[in-house]
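Shared between the two complexes below is chain A, which has chain B as its partner in the first and chain C in the second.
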Partner chain A sequence: MRRPIAISLAFLAAVPLLAGVAGLPVHGDPSAPVHTHVSARYIEHGVEEAGASNLVTGVLLNYRGLDAAGEVTVIFTALIAVLAVLTVASTRDADASNHDGRVRRSDADRRHPDHPVSPIVHFVVRLIAPFTALYAAYVILHGHVTPGGGFQGGAILGGLFIALTMVLGKERTRPLVRPVLAPWMQGAAVLTFAAVGAVGALLTGVYLGFPVDPSLRIVRDLMLIALEVGIALGGAAVLAMIFLQMEAS
Partner chain B sequence: MIGVGDIRFATIVVLAAAGAAFFLLGTVGLLRLPDFFSRVHAATKCDTVGAGLLLTALIVLNGAEPSTAKIIVLAGLVLLSSPTTGHALARAAHRTGLVPWHAEEE
Partner chain C sequence: MSLTFDIFLLLYLIAAALVVARAKDLLAASIVFSSYGLALCLLWQYRGAPDVAMTEAAVGAGITTVLFLVAIGRTTRREK
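For the complex of A and B:
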């Protein structure tokens, strides 16, 4: 019974999506809006209108802010789905290895203290970790000026957490994220978009609108930076969470 | 008449060509060598020597500019991280019991 329902739901979701794709201009069509006026507008007025010297950030967070908000919601939803699957898999594996002592022992062997982390990896990861953290902060906070931004910086931050966890062990890196804060960090990107969107609604009357008035320039910059930080924290938390869950299973 | 500019240009060409050659050989090795260990060995040559030589070529090309410092830092990072990655991969494979490939004895 569940399978026919799932199939019909998938069809119901696919039909409007396919209809939407069918309505898009043909790829490479010279008369598509993107070639006639959209790109030109971005390049000509993007920096003053969107408030970011980096046009990519301007388009991503300002012109297509709603699109980016949807994107981080998709990532967050994917995290929930992945965690749900991994948690089920890890409980099932634990059950299976209880019945088969051999599997369990070989599992334990891999984490035996006789097999410590390579001293080379240990040294190099610890050597470059502070520089990696600094670079992540630069990529996140400078993302509206130079290439980079929340998604990229968040990936660096998440990778750093994973490398440190592999080298130092979970006991050392787990206290970095307090259990109370963990869910908030996982939802950071979605929550930040909601908050910045609300601020934009108060200031301009449009959800996720950015003030264009020159006197509110600093507000607009802060809104952009808040979005970058939120995306980065959320992205890093998603990567770290999936890694920790995979290690547990 | 060969000037300083010519020598500089020739150095850049030689360094970049050597770097590209390492990438080509490393890629061939990655595709053609028989087992995990030899493939890792080949692949890390690209990242270490290949990228190292290309970045050195960029340093010469860029000259005494502030942005050259960034390339030097980048080269240092590559020279540090990529051999470590190769080492970690090979060690993990060895630890999990992967047996290196041997030519069959006659």
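For the complex of A and C:
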């Protein structure tokens, strides 16, 4: 009995959705509503106004800077909440195992990865690691010119950290996330947005405003790069710490 | 040619999504989901959205899969 009901409900939901999709403008149609309002201006003046040859970055960080700041705050609050839950869970596990009187692993055991790593994986990860790091730096610092930016570069950096941790073991990569710096790294993106927003307020009178004057072009570029670096560091740090916490205990 | 490639990718995405939803072996589901991310990344790139494609490749195909694998390693591989 439940199956026919489920099928008919799915069908009922699919009909209006598919009808809506059928009513969408053709992909790439220049007269579609999405192309007739602000995007014409972005495409015509975006490069000179926003200071980013990559229009996606120009819209994301300059025209829609406030939206991006809010988005970054939401994402990083959520990630830090996940991290907090994982940290509480793993400390509780550790406490429980102490009370059980189970033998804790000695420090010598922890110097090696938990599982034996195939020599091929070990070699390949170590071979590509410097190139991955260089690529991540390029994606972050060049994000206002070519596709990419802080989110992408941060994810690549976080992925590199995870790959190195799996191959070399936690003790080799853990010094990269110092406990003193950890809270600042997690908040890097939000803090950078606040700092750059304040600089923008000083220069233009508007929070997160970017100077349009050609003589201040270097300042504007530096503000964009600072935002990208902040997002990337925060993203990479949070991803790496979530991985370390999940692996811990 | 362009439409053929699009349709191929879209059909692959649907097939991969069905496999992920129905698989009882969570390790297999994670790997298929990683390939889903890779196919979606190709589709984004092919449709002229390289910024989204990079995010999809790094997060969707890469880090998400690793976190799934760690979670499976700490729980069980079979869905109950």
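In this section, the second predicted complex is superposed on the first by the 186 of 249 C-alpha atoms of A that agree within 3 Å, B and C clash if a C-alpha of one lies under 4 Å from a C-alpha of the other, contacts with A are read in each partner's own complex, and residues count from 1 in each chain.
Keep in mind that, in the parts below, a contact is a pair of C-beta atoms (placed from the backbone, for glycine too) under 8 Å apart; a residue touches a chain by one contact, two chains touch by 3 or more.
Quick caveat, the model's predicted, so the values are computed rather than measured.
When the two complexes are overlaid on chain A, chain B and chain C sit side by side with no clash. Contacts of A:T91 after superposition: neither chain B nor chain C is touched. Between chain B and chain C, C touches the greater number of residues of chain A.
Shared-chain residue A:T36: touches no atom of chain B or chain C.
In the superposition on chain A, contact of A:S8 is made with neither chain B nor chain C. After overlaying the two complexes on the shared chain, residue contacts for A:I128 are found with chain B alone; chain C is out of touch. When the two complexes are overlaid on their common chain A, residue A:I162 makes contact with chain C while staying clear of chain B. In the overlay built on the shared chain, the residue A:F243 is in contact with chain C alone; chain B does not reach it. Remark: least CA distance from chain B to chain C after fitting both complexes onto chain A is 5 Å. When the two complexes are laid over each other on chain A, chain A has no residue in contact with both chain B and chain C. Chain B makes touch with chain A in their complex at residues 77, 80-81, 84, 87-88, 91, 95-96.
Looking at the complex, you find that chain A touches chain C at residues 54, 56-57, 139, 147-149, 151-152, 155-156, 158-159, 162, 239, 242-243, 246-247. The touching residues of chain C, when paired with chain A in their complex, are 50-51, 53-55, 58-59, 62-63, 66-67, 70-71, 74. Listed in rising order, the residues of chain A touching chain B in the complex are 110, 115, 118, 120-121, 124-125, 127-128, 131.
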